[in-house]
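Paired with chain B in one complex and with chain C in the other, chain A is shared by the two complexes that follow.
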Partner chain A sequence: MSTRRSGGRTVRSAGLAFLVGILVIGLLASPIPAQAPKPGGTLTYVVSAEPPSFDAHRETTFAMLHPIRPHYNLLVKFDMPNYPKVVGDLAENWTISQDGLTYTFRMRRGVQFHDGSPLTSRDVKASYDKIIFPKGDVVSVRQATYEMVEKIEAPNPTTVVFRLKWPSPSFLANLASPFNWIYKADILEKEPRWYERNVMGTGPFKFVEYVRGSHWAGVRNENYFVSGRPYLDGYRALFIRAVAAQVAAVRSGQALIEFRGFTPAQRDDIVKALGDKVVVQEGGWLCNLLVVFNVNRTPFSDARFRRALTLAIDRWGGSRALSQITLLGPVGGVMRPGSEFATPDSELVRLAGYGRDIGAARAEAKKLLTEARVPEGFEFTLKNRNIPMPYEPAGVFLIDQWRQIGLRVSHVVQETGPYLADLRGGNYEAGIDFSCDFMDEPDVQLHKFISADRSPANYGGYTDRVLDRLFTEQSRTRDPEKRLQLIRQFEKRVLDEKAYQIYVLWWHRIIPHWTKLRGWKMGPAHHLDPDLQDVWIAD
Partner chain B sequence: MTRYIAKRFLLMFPTLVAVAVLIFVLVRVVPGDIVELRLVSGGMFVTKEVVEKERIRLGLNKPIWQQFVDWMVGMVRLDLGTSMWTGAPVSQEIAIRLQLSLQLAFMATLIAVVLAVPLGALAAIRRGTWIDYAVQVFSVAGLAVPSFWLGILLILFLLTYFQWLPPLTFTSLWKDPRANLLQLIWPALAVGYRYSAVATRMTRSALLEVLREDYIRTAWSKGLAERVIVRRHALRNALLPVVAVIGLEFAFLIGGLVVTEQVFNLNGIGKLFVEAISRRDYTLIQGLMLLVAFAYVAVNLVIDLLYAWLDPRITYG
Partner chain C sequence: MAASITITPRAQPRPRWLGWFIRRYPLGAVAGLAILTMGIAAASATWLAPYDPLAIDFLAMFSRPGPGHWLGTDAFGRDVLSRMIFGAQTALLVGFFASLAGATLGGVIGVVSAYFGSTGDLVIQRLADILISFPLIILAMAIVAILGTGTVNLIAAIALSFVPRAEIIVRASALGIRQTPYLEAARALGAGHWRIIFRHMVPNVVAPYLVILTAFLGQAILLEASLSFLGLGVAEPTPAWGLMLSGAAVDFVQRAPWMAIFPGLAISFMVLAFNMLGDALRDALDPKLRT
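Here is the complex of A and B:
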């Protein structure tokens, strides 16, 4: 009797899910009617965290980008409708020397800071000097990203030259980092840390006010150098930490969008409540969950044991199931699925743990456990962050997968502080790790896997000079085909042969927003989104 | 009386110093590091040198005793220091939120008192009748329902039936009373209901006890009206424990509405507390803990003074 009732509920739930799915697909499929951009209006949106400081050169969080980025410009930026194409922002055009060692940028004329002073190449040089060669107690978290830069020159007010020590295929994309805001040289000269608590840029919006814990507001820059932009009169970013309150804010129309992302359930909630007033943008997300093994602990020091752990995971089945309830989804290797350097599924299935036949993979895993002398019922702990989405479901999924090869795993869920301290201090056996980047670039995504003495983001504690060599080679190889081969070799060694760190799944980005919000196209990274230059609000 | 107040006031200082020492030690025992949380928790790659440089900048490389002395020296100058996360003065961080938290605490207290005293008195006077049972059901329900859950229900109700949500940003009562009350009335109701349940039960039981006293029996035998007996002779005495409960609840509301503030997205002290702890913002946690400790000590003093006012037999010599 109870089984029948339960079955009935399942059928009803499945039916409801199907209807919501159809609705979402319908909304995705139905194009927003074309309309000429309309100037005016104030965009209100949700930001789920607050900026620690106002200085992008020293921060790593989107919480600083989403509210403050509209006050600034970059030298070059990603063209979001054509991502990952790089286009000029303050740069009008640029040339790269034949040897790839000199990048010369010609600046736009007539660009003014919000105080009315003109922008020159001196400002660009001062900003990049602060990022790449910080002095005194100035912190620049991206200093190491630009180790290929020898010096920056500003030979005249409209020209900036970057001279490199070696050719770097990732250099131009790195300059499009959404964190590389251009500051005013005069201010930096007087007070290098002035930008930590103040705002002065050239961007489409001027600063109005910041009320800590509440909101950030900007108003249209009437002297913006792009004619007719921005469309909006202003914007207001509301800081809302609780997810339920974020959803309520969008549902009520007090906010038109949250630029980071919602879960499938939250999307369905908003779609169900707002119907055709809302549209959903979805796509791959440049974030992922991994499992890192502490190679200084037995039996994690044994590559056979680590391989067995990756072989036991049914990633394809997990993707189907978890994508229904979490923001996890795509199966991928070291590069984001669907990105330029990503391994296609046909090749991916040859890596340990990526095969379609999970039965065969688990049989091999059990064989490896026997060879590594790991007994049936072996127990270990998996450390995880206490963030419900998507960390906790991923942890539960992994434990179930490993149970199926006879391992007993305890889930130790910790607050972020102790969790990071344990991972960095080597106080763990296996841990769920993550990465979230702003662009698809092997230098960025692979860095986590090189030897621990070269990468502080590698918590595995291993040293592998083969990986280090492959990383450096791909980083300096300008031929895309050759670079791709090196990346594939790197991937095979990390994920298959050595299985030092293994991927669970990549994330899937879901942004439901009011239909009247126009001129915004979702990218693969939540860091890239809102300069709000082209965004407008329809009637 | 003046001497008593002065003595109690002076006693606040050693209490607060003891609290300060305790807080300073406790926040540093909790694992986790603000620098790593700030620079590394986003999943991006940051070198050890950068992490170390930031640690030095925040003074976290200094010995613990030196950090404590620095903080105490600041305290003597009434300087709570700067937030390690935002770089803004701790006093400023607290001041931004205190107005909202205080107003919400006052509103919730007002709702609680307005509900609790008449309902509790009515239940006591009509003991054993349907009125008593109805009041008891009402108050037990209030105790059983967490205020944040009631808050969620209120929000869902408003969203579902009116497609409306209270304003998400705080507007001062003096600037725009309508916007202010539209935002705060809902959390005040949610919190005030639970608060009133506690106070209603306390009022009822205290009044029942007083109503059994000999002097009340004497009043009845003198033929005084029920209204006069209850208002003039019973309720005033019965309010002593009620005042204590209301006072302690009020102090709790200053920093304790952690979840309710999240539900209504209120920019209050409770939300700031959670953020400070999750970020390991030591200076801010210390400042907030001191504020809460001060609130409790101050409220206790006020309660003692109220006792004397309510019951003339109580004197502080």
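Here is the complex of A and C:
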């Protein structure tokens, strides 16, 4: 016993001496602190789809943002390490009037476009005029988000003023949309759609080349307005569609990261192969899957039937299991779990389909089916996208859950184009829909649920003026407490009382990346990544 | 009063065919037995399968093969054996109807084309040449892309891709009998085109038809599995062997290899069995190959 203790002391002493030695050698050998950003190198990363066009004002997809975003700046942006804090990008600072109707932005000086011309407030006004007041055949998908804007002014080259029709608590965050790239006014004046097929911004990287089916490349902007940035010499976004090939690219070091997200199995695969060469960032994801019901079809027109369908789903059990095999995970209501306006679990369990006692919920569901005169074995179709992850497992899960209250469901899987056409055209009974946003903001997340004549994103076909009123009220309420109450009322009506659309689960974001990739912190939305300004590669 | 002549082939002593076939082609007989077993299993899946193939059991996710689940469970905790037994229904349903429809339609077109000849035959042959130049799976994928997914569309897609292949084989046999004396005789007696085709030509191409039918069965099962694997066949949660090989089976192949191994083996054995039976039938039915 004593011999063993003595031996242990010897081993501990030797170990301590070894560690101290390593530390001393390490300190002497490194000329700079270990965490100091190192300039140089080219970052390669995977993008799983190609951009439909190069114009962020008309697109909604990460496939356009991830390769092209590093060429541009925004007026203001989210400070990713401190999300959802908004900081200036091209704006140096700003003021908001007492009545909340005037936002005045002071621009940075010395900012140049990649062609060498200076950026002025005129460029910002022209870009936002294109987003908010598009003319002719110019498409702006976020036009409706800015319906509170009355006009934009550029009183001098360094000042931009937004005048609103009513105060909007979400306005500043809305300006930080990663899609609101600032374009050059002269170009927009001559050819408003020039940016759909061309690139020219003020961002940290200049455009080099786009080879369809292969890659998108950028090179460091030597005249970038942030001193010492970017750190990288350049970047190369590799377009790799097959998931297995994406994993292989990261595993082999051909790419250091994929900014959208991997499944738990893919994460494990990469971690197993790379060990401590890889680090995994995980967290909530501002994406979710929901089920939309066509209220113009019987019995989906009956709220009792829709409530029965949501009551049958064991979300808590499903979350525990599906989070092991899919991107799906957190149980949530209309706001992302963990975000500012999210309903805590203690209140969530009071909504239909969120209770912990699934047996009781299903008994109630069967009672509702009887009341709604829906026979045992009633059959309907569930339309779904042919994207395996996470749509397919969600479909399998839902069909199983509904079988348990005696319903028979056919799974109809379609290409995205026909699937969306069917949902938009009302050619469906129930469909798995999705929502992916760039920020936690009730105006953005609730927009999908207001009446179909006000929201093109509502495929349910219903009209509910109570929801519309609640939406408008919360959107214009500056008191956070009152706004929260309105959001809760909205949530209860959508998910419980009427069950127009119901959530399956929210997504869980998993990004395994090489340890040597530094200066990047994962946010809750894959749309917010990356501008690559602060990213660097360690040795 | 018109004279009536009935031409019948010379009566052959009927061999005890099944016994002869088993003795002469034991591998083919074993393959036939395997197919029969699968057919019985598929027909009695409701009674034979130990679990509901669609029932999710999250407490049993990734269970190893053992007493509770003989072939283990998948990522949703569904019993692999039960899904394989029910998957045999899908494989046989798609395989049988697709090959029957493809071989029959192709066979009829082949006989008609051979009988009438002329420009129509030329056009049909060039069309068949074009279609046959595409690999089977590419053709089936293209048709699925047009028709959409689902069991019925899958059957239609596979059947249509078989048509030109069946047409060419059957036409070749039909050409050989087009100028035979008994057809001339039927024609001389005033038999119409369709009577000659269906009464005299079709029965004489039954042997090659049966051979391609069995060959197509194996190919159809493989095609169904391939298309389902690619997400173009039947949709989850329908039990189908190809589907069982995709998705989570790929993602978790190291953690739960049984998810892929057993359906993979089932596909391999079934295709092998149909091919062996097809070869044996070809040899048995073709007089030129009999010694």
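Just so we're on the same page, the second predicted complex is superposed on the first by the 505 of 539 C-alpha atoms of A that agree within 3 Å, B and C clash if a C-alpha of one lies under 4 Å from a C-alpha of the other, contacts with A are read in each partner's own complex, and residues count from 1 in each chain.
By our rule, contacts are C-beta pairs under 8 Å (C-beta built on N, C-alpha and C of every residue); 3 or more make two chains touch, one makes a residue touch a chain.
Every value quoted in this text rests on a predicted model; they were computed, and no experiment measured them.
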* Asked: Which of the two partners, first being chain B and second being chain C, lies in contact with A:Val87: first, second, both, or neither?
  -> neither
* Asked: Should A:His447 be classified as contacting the first partner (chain B), the second (chain C), both, or neither?
  -> first
* **Touched partner set for A:Ser252, first chain B, second chain C, both or neither** => first
* To do: In the overlay, answer first, second, both or neither for which of chain B and chain C A:Ala363 touches.
  => neither
* Give one of first, second, both or neither to describe whether A:Ala244 is in contact with chain B, with chain C, with both, or with none. => both
* Have a look at where A:Val466 lands relative to chain B and chain C in the superposition and call it first, second, both or neither. => neither
* In the superposed arrangement, does A:Glu196 touch chain B (first), chain C (second), both or neither? -> first
* Who touches more of chain A, chain B or chain C? -> B
* Should A:Leu420 be classified as contacting the first partner (chain B), the second (chain C), both, or neither? -> first
* Structure fact -> Residue overlap on chain A between the chain B interface and the chain C interface 244, 418
* Residues of chain B touching chain A in the complex -> 30-33, 36-48, 50-51, 53-54, 56-57, 85-88, 93, 96-97, 152, 155, 159, 163-165, 167-170, 262-265, 267, 271-272, 275, 278, 280
* Structure fact -> chain C partner, complex, touching residues on chain A are 244, 263, 265-266, 269, 317-318, 320-321, 324-325, 384, 386, 388, 392-393, 395-397, 399-400, 403, 411-414, 418
* Can you check the complex and tell me which residues of chain C touch chain A? => 54-56, 58, 61, 75-77, 148-150, 231, 235-238, 246-248, 250-252, 254-255
* To do: Quick one: which bits of chain A touch chain B in the complex? Just the residue numbers, please.
  => 50, 52-53, 59-62, 137, 139-141, 143-145, 196-197, 211-215, 238, 240-242, 244-245, 248-249, 251-255, 273, 287, 415-418, 420-422, 424, 434-437, 444, 447-448, 455-457
